[in-house]
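Chain IDs A, B, C and D follow the sequence of writing; residue 1 opens each chain.
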């Protein structure tokens, strides 16, 4: 039993870090563009399929594929922001609807390009670590490390660089930042692109672990939103932590309780947190 | 608005005379039933400004409760849906108290209601003993209405269903219209426009938000009962998240500004797949584009835009 | 009538209102003065139930208001206007005032409000009453001309006046006015002080905040001066203004400004 | 407002009139209601492809010759998106407006549940080839005369399920863990196999998962702790790929499944020990030995202009719908009518059709056909067993 729990703790942390990186994208974009962009899930979908496509069809080595994909998806995110979300700034609901529309457009395009046949990428790293009866696939471990690294780098970037500080300031207090002369427009577009890139990365990582179908985006988007709210919008490390909490809740949840209710365990925790800390665990509001 | 509404009903009342085409009838019947759903959603979202994603759950629970109570206690459709509305009222009351007491607003309210809806869906999925889980339940129970002189008239066949659902949607819309025109409606609007002012003027926002949420959810429950009896079966898909999004797009496409406008949205959403005969991917693409363009080009929805055109002309 | 009994309000470390004591009698116009950041607005928000006091309590006709929410306080008859006007900008001036008629309807009809849902002679009667009241309030605040205008399109002064009108619609027995004078043009000020006088004439109690003594000097029966959250003076405006502490406070303020 | 509404209604009525291709007056009108998009659409999608190909080939040859007259086939296959509501509306359109008597599908049990009550109203005027598992128990019941189930039922006396469970028993399996989608088919599969396993004296442990689940490691770890002999892992490839990969990482290496392709086994051939799967037909092999299959595959590529044939994708329904279009045409020839539903059904039930499969129906309209069982071992060694149900 202890092994089971320990195993799911580790697994939950790793799976959660995948939620966490999307949560970070959600947190940043909604903190700065004022729109909770459901299309981020679709960006992850595109990222996953692109990675698989590059790797299987053109034999691009996985690490290079990841970098390529992040670039492409960032571009998509940028275009989407300039064409659509610029017009729904700070109208949360309209932005939400537009992003939902964008999701079905992207999913349709994915259908047309890659059909609904489930795809499965050749794993980049195979095999497992076994420590005291606890089994962890090597690829999962690698993914966890990469994602946590990326989040920490984002944090440093946001706290050390000028652009980052501007973004951070803006997320805390838009008016003040505007007064400080932060170029709001460019900042928002930049963050939108960066958020998309994070989702592209999440997609690449996803592709090495799980099978691809055109409907994966919605689920991970939901987990991302849960994670972001759990942590509180605008908190970087918090977003990762929020995602991990959800992952662990699900992992341990389905050790003791039926797997059929898997999605409920994270939600339940979220609701409880929101009721007693409406601004989330790390939010200031 | 009410005049427009009557005109609309007048036009619609003639349809069975105009066409023997049962397909048009069934599309319109679905439109009316889903119209009730969209209208009740709009009371909460469009009028009172609270974005609930609990609506599909209210719809599904209503459908199940109506059927189960009818089947188990062999009561009439009306008693059944009354019971269902009672259940949904209680559930939404509790949920509403939790959300509004803790001052959850906008996106936070949306997500928490979504969370509860999802949990309820999972319960329905897994409570095999009561709901028969994901297999759903088939039944052949029909509503019936007492008509003076004729006696009990069983609702079956396209034409009867058409007029029955039409009558239902008209009654519901008028009922909501009465509420919205009253001081209660003023309170709802005030809360949507500026909750702080409303409070400073001695308006108990909590109470009125709760009222709106419960009234709307009860409408959804009634729509659920109708829907399941028109289809002759219930299954957990009624409670899907996507249902809530479909309801939202109905309201938006029709227009959130007035009580009845979402019915038009329901018509568009229901009829569209049968109007544009494209392969599935293209249809998905177009659906997405419609959502985007509606928001960007006519945020007041079809009805709102038409009204504006009339004003300017 | 209204008793401020050793009220203190802390935000974390900062003491915004420090152990303030005073009472306001019926039909009185009390002016609360003090430089910016002296805790006037905070005190008013404590009275109106926006914040609850950290220590001490506010009593209205002997009843403690502590723990009541804004709308409950308003329902007791103590209504507050906002420093920079908060309105339903999408509605016309008349509609704004009508919506504000909520409490009036409640107090006049009570449970019988339900009867107004369905068309009936009763409903038309109630509607007529409200309309009459709206007209009266608009007349009183000199807003008849702009009745059909969108609230968003009013001048700043107009907006403040509409704020007062909406408060009046609640038929309050005490009005809390937060800086009604600031940012008003000369004749707007005259109009305001005239309206306030007429209100007092109708037996309403007024508690008015202003950071400059300005037009209130002539109007107020009693002046209370706050400085850094605590009361430093109380008396008739002329007395108070001659006190040393007050002058220092204001000179200090002037230097800062 | 009124104008726009009337216009809309008019255009609606109009386009409903025109939506289906206006076919020649006397054509054989077939409708197909399948999900072509959505989570569980891969089965229905391939079913429509099969029918389209068959219809294309028949019309190429000038149509179906009945009583010395050649009739073209007019096929309408809209997309239900897996929604019972859409399915119902589409079926109404087919029956009431286009007067189609021959309906293929639905494959999804929830869609079948949505249309069954309505379809029963057309009993005697309609033939419905519904592969939905939920349709099977209704076969032969009063009011369901219109219903045929074109594919073999798992646990029918001749069914592959019965055979495969027996196979497990003979391999000495004592414990089988079931990890199943919590949806209509999943529930149905577990309900029917529970009994067969019980009969065979095999102990089972069942776990349910939401169709959207991707990470199974928690539940798989629990299953592994129970030490089952075989794992019965869901039924769609989307889930199979993930379950098989993650299961092998936890030391569960023996799989037994009644739906889904060999794809997951091939992907993980290095780490599985045994993978027993029901294969209606193993195309990769049949293509080499069976000229019919080779031609079918070639025609498919030409008609849909695709490079590779979707070997993985639910060959069952793909072929079923392809064969049954021809079978229906043959039955019409024999009955000498394209409208006499009763006569045509009689012919269908009495004939044996030699298509991609040897096809026939049992007396209540349940499909019977030959099938293969695939057994893959570590490294990818594959053993196919062809099973020909004894003809009654």
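By definition in this document, a contact is a pair of C-beta atoms (placed from the backbone, for glycine too) under 8 Å apart; a residue touches a chain by one contact, two chains touch by 3 or more.
Keep in mind that this is a model prediction, so the values were computed, not measured.
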>> Just to be sure I understand the contacts, which chains border both subunit D and subunit A?
In response: B
> What's the fewest number of moves from subunit B to subunit D, given that each move must go to a chain touching the current one?
Replying inline: 1
> Most central chain by CA mean?
Replying inline: B
>> Per the definition of touch at the top, where is the C-beta contact count highest among chain pairs?
In response: B-D
> For subunit A, which other chain has the most distant CA centre?
Replying inline: C
>> From the mean C-alpha coordinate of subunit C to that of subunit D, what's the distance rounded to whole Å?
In response: 74
> How big is the gap, in whole Å, between where the Cα atoms of subunit B centre and where those of subunit C centre?
Replying inline: 42
> With chain centres defined as C-alpha means, what is the inter-centre distance between subunit A and subunit C in Å?
Replying inline: 49
> CA centre of subunit A versus CA centre of subunit B: separation in Å?
Replying inline: 33
> What residues in subunit A touch two or more of the other chains?
Replying inline: 111, 218, 258, 260, 263
> If you look at subunit C, which of its residues touch at least two other chains?
Replying inline: none
> Where does subunit D touch two or more other chains at once, residue-wise?
Replying inline: 37, 41, 182, 208, 210
>> Please list each pair of chains that are touching.
In response: A-B, A-D, B-C, B-D
> For the complex, which residues does subunit D have touching subunit A?
Replying inline: 37-39, 41-42, 45, 182, 207-210, 212-219, 221-222, 225, 236-238, 241-242, 245, 249-251, 263-264, 267, 310, 312-313
> In the complex formed with subunit D, which residues of subunit B make contact?
Replying inline: 4, 7-8, 11-12, 15, 18-19, 21-24, 26-27, 30, 122, 125-126, 128, 133-136, 138, 140, 231-233, 235, 237, 264, 267, 271, 273-275, 277, 279-281, 283-284, 302-303, 306-307
> So in the complex, which bits of subunit A are touching subunit D?
Replying inline: 4, 7-8, 11, 15, 111, 116-118, 120, 123, 128, 135, 137, 209-211, 213, 215-216, 218-219, 250-252, 254-255, 258-260, 262-263
> Which of the residues in subunit B end up touching subunit A in this complex?
Replying inline: 51, 98, 102-104, 106-108, 111-112, 115-116, 118-119, 122, 125-126, 241, 245, 248-249, 252, 280-282, 284-285, 287-292, 294-296, 299
> Okay, in this complex, where on subunit B does subunit C touch?
Replying inline: 178-179, 182-184, 186-187, 189-190, 193-194, 196-205
